[in-house]
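Note sheet for the following structure.
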């Protein structure tokens, strides 16, 4: 039975708590949040104790921590948890500073604790199935990957302003997915972006519509497009071309019902809400972390995956601003 | 070069004339129609001569006839063409009287001329592909066939009144399709029908919505449903279950374009017009007749197929009226 | 908090126990099973007590019972629970004897306890959505319903022998679905059936492939087909035609992944296992029962629905054996 | 009746001749080809005369020319035809030199003859429908266009070597499609490309797999990907995102038949052959040219469209080689 401390009881902390509840081999024993009411509510629903973060990090009855606090708290909590020898699950982005992530990587490596990065989409059954088929050779060597991610609607400007920008906040998931699917590191990136959805986003210095081309040393290509709007739901698709064919994962629709009228044949919109769309992924993710923390499995995605995605997000932000391609450093 | 006489220059005659124009090894040399203007127009567009029916049947420069006249003219024209040793293509239904069809069958057999019945749907590339895969064993032994046929809208009441009723006018195509796909004769039939689309159709003694169950001696089952209305286009589908899987043919939509909005994902309606939906089928049908008439191929479907479909249509009309199943005679 | 007694801890009892666990306003306090080990395991996983059936029926700390025992136990348990004033959820079929179901209906009505029949498919989100759209008038008045249900593979012959036959064991779900979708009672039924999947099933006096036509007083038509085999998964589809269009619910596939190769475009099989396919339905069903048992909602489907489906299943068995249609009694 | 001269009787010339045959208001009166046998065969099948190119250009009985000769003949033939006042249809690419195209544009403008460029895909019913819906405002202002074009298999190396490279030979169609769909000129382009399909193509200095990002002055984005291989057929798709939704056109499959087995649900491959895939487009294209040449319609696409696509193809070739984005000149 893995004993967990939950740092951060906001929306994503609640998602992970619900997942842990469904597992037989883990339970949350302590929770912390900057908002006492949030911590108390979480404690009530999980049966855990409210403690402060330091107490959790040093507690002998806590084997592992789930970090779902604001990004600027991650660094201290990771360093503290590593020092205390606790297994660590940390939400993306690990840190806005690549140097900080490198420091965390060193600390984690020094102690040898499992560290898992919160790229939940790798655990989506559709994307995981698609990747398994690539690895099984169903389409031969991968040549071209196309990733489409579109949010149903933009977040508030206040969120945009402290998000680090679309490439670090939103496309970072797609950078990780690109690496997950391609199986070869990218060496060069070119990004473009515009504010077409809401001029306020542009005035805040960010973009809401973007596209990136990535290439690997062997010449494989990945295209990513992002938008902060999609009338028809949360659009999350990947398409992978290999020497012998194509694999693609389509959206999950709200139901299998189709209506046919004079206007034609209409199916439902894609599921709108990310928690619904990735419900199965979040559960599988926690199952994966518990397996890694209890020693039965490699932590995957790990801190290096978190680092690489952040490096790519930084590079994309730069490329978008300069209008020039950026060479990516070797990992 | 097969020299053809075209009897009947109405809508279906025009369809066949257009198909013949596209073939290199056949041409229409003589045309006839009860309406002089129709015959003249056809002659102008094909380069053929206008003659009367008897002159065509006895003409030494006519090898074969295409009969697209009203149903009550078919019998005399078939008997005349058979006697004159001409290959015969005759639209469905061959005759409203099963006895008359049997007499034609005898006459055709006595002379040995090729006779092809106008069940155009057998030549639809989708249905033909589906059937070829059944014959290739792709789904193993056939167990259950489901046929759905729905017209976009009902014909005028005046047409309904002289049509012989839905089972003889519309479902006759599906009876032929059922035999085509099943590969075993049916021995029993139960039909139900109602007037739900237009009460005028009911007052005319006919139904506009109907369903039939057919069974074979070995216990295989076929379901057919028909309606005189379908808001979303001309609905023409078949689904065949076998020991190892299912084959189905879906509708042909007006384009491959899909629109996604808040309302969901919408594709186009099915093609509405039977001439557009079965354009390729009508061409393949004439190609098949020309091949049979010039000796290179068996006429398929033949006059026995026309007879069997008519027997089934009669039985379905009876079953619908009595509310009881009907045993079908062996062919 | 609704306090539940669970009668029967086999496969379906376990399904319901898992659903109850996910609800906040109900818990299982007592469990019973003819197999002590099954009851003990259920008690361990739910925290409930093992008791015998009579003790549960008379227990003051039990508000409602879930009956998931073998069919021949249902009658006594329903009568006992009704007498004790407990809300009742009973799996289908309620009883193999229509007279017994009528007696239960009288007993339940006399006491006024909520009674819900276990037709889980009504709670499937796809079918429930489809029906809501019919009721909203999206396709106008319903004219024709087509229901396709195919199991991935036949059950063991030992199960077949005591199942009451395909129409009572399998198609009973479709009879209920037909009523659920049509919104008008059926007055006449014609059934055919064969043993095509496994000759052992035929030797056991049952069929494994069947089709039924149902009609209502106003002339609406329903087609149902069933088979004990479907290579491509658990096939569960409905298609409803109305005056203004069609609604259909397609199968749930194992993932959204599609592969394209020289062989074409291939999507996954349909989910094979009924517990996976109907997982959401089983949960919604228990949510519905808890709502009914705690007074907030009408029990739906109720015991009359259970009775009607059983009457239809009996009629279909008769029709299949005699080869004649059967008139259905008014409810 | 438009009287046409056909310059070039190879594969594409034959396509256009077949289209003209199906039109009532145009006929080919003279044909020319460097290979006498090709010209003779075309003359036999069309009833036209064989003449040499100059004779056709100066013939008083020729109203318009269709230029389907090798690219390096286009310039002289266009200049000659313009001088002779004949309407001109010219296959893409108009010329490998942008300066030459500009000279042709001047000559055509000076005389005022209609000039239509052979971008057949604009006439594909699916793409034309999609674009009409964009123009009708069905998805609001366009934000992002994604174009996927993949050939079933690479052409011979001998063809590659004199093709001008993938961007000028293959992606030029997609550059035109991008302009056709976007409705705003592109100002900047970044291209990447690799030889992943066949190393011989790389050794010939070309790429077989490529991706491009294009941007407009208002920040709209277009992604294009190309490959010289697609196991599942000729892959031709577009997807357009606007403020209110998405429009996409899917591939045309070989039939509507689907097979379901243990392996899942499989539809046919996409049509493999470009002549089959674009059969309707080629016919509509000639109908459009005849309308323009006889004065009833604007020539569309015109020579400026040909110029712009060539400029973009040149820029993409440069960008791919330098690894840097390229600014596109205003038209």
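Chains: A, B, C and D, in written order; residue numbering restarts at 1 for each.
Convention: a residue touches a chain if its C-beta (ideal position, glycine included) is under 8 Å from a C-beta of that chain, and two chains touch if they have at least 3 such contacts.
Model, not experiment: these values are computed from the prediction.
Enquirer: Which pair wins on C-beta contacts, B-D or A-B?
Expert: More C-beta contacts join the chains of B-D.
Enquirer: Farthest chain from chain A, going by the mean of C-alpha atoms per chain?
Expert: Result for max centroid distance from chain A is chain B.
Enquirer: Averaging over Cα atoms per chain, report the distance between chain B and chain D in Å.
Expert: Between these chains, centre-to-centre, one finds 40 Å.
Enquirer: Suppose each chain is reduced to the average of its Cα coordinates; what separation in Å results between chain A and chain B?
Expert: Result: the chain centres lie 58 Å from each other.
Enquirer: Which chain D residues touch at least two other chains?
Expert: Within chain D, residues 231-232, 244-246, 254, 260-262 contact more than one other chain.
Enquirer: Enumerate the contact residues on chain C facing chain A in the complex.
Expert: Those residues of chain C that touch chain A are 125-126, 129-130, 133, 138-139, 244-252, 254-262.
Enquirer: Can you name the residues of chain D that touch chain C in the complex?
Expert: 231-232, 253-254, 260-269
Enquirer: Where on chain A is chain D touching in the complex?
Expert: By the definition above, chain A touches chain D via 141, 143-144, 146, 148, 150, 188, 190, 192, 194-197, 209-211, 213, 215, 218-221, 223, 225, 227, 229-232, 235, 241, 243-246, 323-325.
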